[in-house]
Amino acid sequence: MIKKDENFEKGLNILKQIDSENYESIVDSFKDSIAPDLGTLAVSFNYGQIFSRPGLDLKSRLLATVAGLTAMGNIEQLKFYINGALNVGWTEEEIVEAMMQMIIYSGFPSGLNTILTVATEVFEDRKAKNI
Amino acid sequence: MIKKDENFEKGLNILKQIDSENYESIVDSFKDSIAPDLGTLAVSFNYGQIFSRPGLDLKSRLLATVAGLTAMGNIEQLKFYINGALNVGWTEEEIVEAMMQMIIYSGFPSGLNTILTVATEVFEDRKAKNI
Amino acid sequence: MIKKDENFEKGLNILKQIDSENYESIVDSFKDSIAPDLGTLAVSFNYGQIFSRPGLDLKSRLLATVAGLTAMGNIEQLKFYINGALNVGWTEEEIVEAMMQMIIYSGFPSGLNTILTVATEVFEDRKAKNI
Amino acid sequence: MIKKDENFEKGLNILKQIDSENYESIVDSFKDSIAPDLGTLAVSFNYGQIFSRPGLDLKSRLLATVAGLTAMGNIEQLKFYINGALNVGWTEEEIVEAMMQMIIYSGFPSGLNTILTVATEVFEDRKAKNI
Amino acid sequence: MIKKDENFEKGLNILKQIDSENYESIVDSFKDSIAPDLGTLAVSFNYGQIFSRPGLDLKSRLLATVAGLTAMGNIEQLKFYINGALNVGWTEEEIVEAMMQMIIYSGFPSGLNTILTVATEVFEDRKAKNI
Amino acid sequence: MIKKDENFEKGLNILKQIDSENYESIVDSFKDSIAPDLGTLAVSFNYGQIFSRPGLDLKSRLLATVAGLTAMGNIEQLKFYINGALNVGWTEEEIVEAMMQMIIYSGFPSGLNTILTVATEVFEDRKAKNI
């Protein structure tokens, strides 16, 4: 098992800003997995070494991430990041617009699938929790 | 040939804000092509009906676009949009950071290829023109 | 909300030719969604401005569409278009052959997944409805 | 080296129908390559076992192929198939329309890149040769 | 229906080495499908003409396959091949490492999704069966 | 600029094993680039934290990498890794076979393009240098 260094701590701090409610359970979910190091690497590298870099603020990074994942048609990770983008200050309308924007570059299916399923689900979850 | 309606005019106006120097030559390049309607549709739909929508400002739309194209590894269109993103107020550092962010989702090759070739070329072109 | 112009009407007319039974419920499904404009844009652009263009008949456009979505491995939209392709005159055998053809270009998995799941489901649905 | 069986002969016959002028040089180009079997397999499988199947005519198979490769953004193979599609009876306009149709599913960049570069080049080559 | 030639027999033999327990039911599953030839082609070409080639041993071919499918984010076929890779002598740790390796090239989501779902499921199935 | 920690040193050591002749110039090429940290991150993460992990030997990791990049159709990085795979003990024939194997999963074009261009170029370069 790889050790948790200062990048891991920086990463946890960013994750907390993105989703203070769920970040601990996400990190914990790797513990008993077949690849515990994968969780440590994801926190240290993705959040501790990329997301935490100066030069672009967290809010902009989350918009870029939602756009990139929509363009790639990646449904699994989008839910977490759409929720995170709303947590750091983007409105639902802004998120939908950024996702619609991707239709130009990756076609209608990627936009339709992600907006009508993932984004809709995140918005409804938050409404149910009065966020 | 399809007609140029009000969406086309709205699209031209957005294109002018993205790249006042080159937008006319880009639009004109379709005129004698094998698909002249493709240029009209691109201006009307992409810029007149998507980019011009309220709900997300132009600056954010350009960040989302640079992120999405980097994630898709799309090199051909990136040059235009990186230049446009700089024109509407993003700094070179912010653009590089948004592109590096995509490494998490689409891997190192897409980031390396686009940053070290396309972004570098745009930055040098602008330096040569004292923009 | 964007307005429904003549392209929207042209689009509805094409959709009716592709799937007279279901097109209204598909269009209506966007109404109460988080992105009502997305449905209007999809009808106006995809069907009103692309599918309705002269120069290639509707039957050929549907074959091209089934081929393209199979090559991309896009499962969500294929069901609608395979059904549409059968509605405008392609046989089940022709559809399966066009999809098998894509194996050359995008590999066995994309063909296997789409033929054995989506196409099979469409064919069985139609048999159950005696279409 | 694998042997050339009856599927190889069937494949050569199909290739001849697609491009009677160039098919021999294409097949020969594999002979001194680092993977001579790859050429034999491509002829036997792609043309001898897929393209030659009954159930869908050659003309429709070429439209499906041009559509699929455009959707995938595959530039290298498109040139051969666009030329082949014209050889078996599709018009330039029909090819451009089938490629534009893919914009709906895979976005503007894939259509723009392939139409304005590959298709344009094929059309000009044929004009220069008076085909 | 295409005939089952010597390549088909060679293919069956390879499939038996990859998964002696399940290969017959996999091949049989195509029999009553809408594309029975697809199963015959898959066995003859994939296993009889590619997997059975000299020049690279079966064990290495299975590692290459697991890596390739992980990089492509292809979830449907991975389960069969991860199980096969374990059958021919790779350890669970080696498989997880090969999949993690792909994160560099295709990003974290493809690795996370396939390791935490598909590989985990295969490992648990085998544990339940005392393999 | 991020600092070069022990992972960077471990990464350099792996890079040296993959390509002792060129690794220094590759690392140096980032120094004056618009993204100097990208080179440091690539060495530390890709080579220092992934390639150097126990559980799968370097030779197997390079086969997995060549397979994955071929499946993705990634041409830019393949040259480096094919050369590296030959350096650590794979034969030219084994590399070609692993790449041909990917045809099953990602189609003929990805295999044809990468084998006939990139692999061929690497093999010829080495022959010219008497490696």
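Think of it as A, B, C, D, E and F in the order they're written, each chain with its own count starting at 1.
In this text, a contact is a pair of C-beta atoms (placed from the backbone, for glycine too) under 8 Å apart; a residue touches a chain by one contact, two chains touch by 3 or more.
Fair warning: this is a prediction, and the values are worked out from it, not measured in the lab.
Note on connectivity: the fewest steps through touching chains from chain B to chain D is 1. Touching chain D and chain F together: A, B, C, E.
Residue contact pairs shared with B-D exceed half only for one pair among C-D, A-F or D-F, and that pair is D-F. Here A-C and A-B were compared by C-beta pairs in contact; the pair with more is A-B. The distance from the centre of chain C to the centre of chain F, with each centre set as the mean of the Cα atoms, comes to 41 Å. With centres set at the average Cα position, the gap from chain D to chain E is 29 Å. Rounded to whole angstrom units, the spacing between the C-alpha centres of chain E and chain F is 24.
For the pair chain B and chain F, the distance between mean C-alpha positions equals 31 Å. Contacts with at least two other chains are made by residues 37, 41, 45-46, 50, 53, 69, 72, 74, 77, 96, 100, 103-106, 108-109 of chain D. Taken as a graph of touching chains, this assembly is complete, with every chain in contact with every other.
For chain B in complex with chain A, the residues that touch the partner chain are 45-46, 50-51, 53, 55-56, 60-61, 63-72, 74, 77, 93-94, 96-98, 100-106.
Note for the complex: chain E touches chain C at residues 33-35, 37-38, 41-42, 46, 69, 72, 74, 76-77. Chain E contributes residues 2, 37, 41, 45, 49-50, 53 to its touches with chain D in the complex. Across the complex, chain F is touched by residues 103-109 of chain C.
Partner chain B is touched in their complex by these residues of chain D: 92, 96, 100, 103, 108-109, 111-113, 115-116, 119-120, 123.
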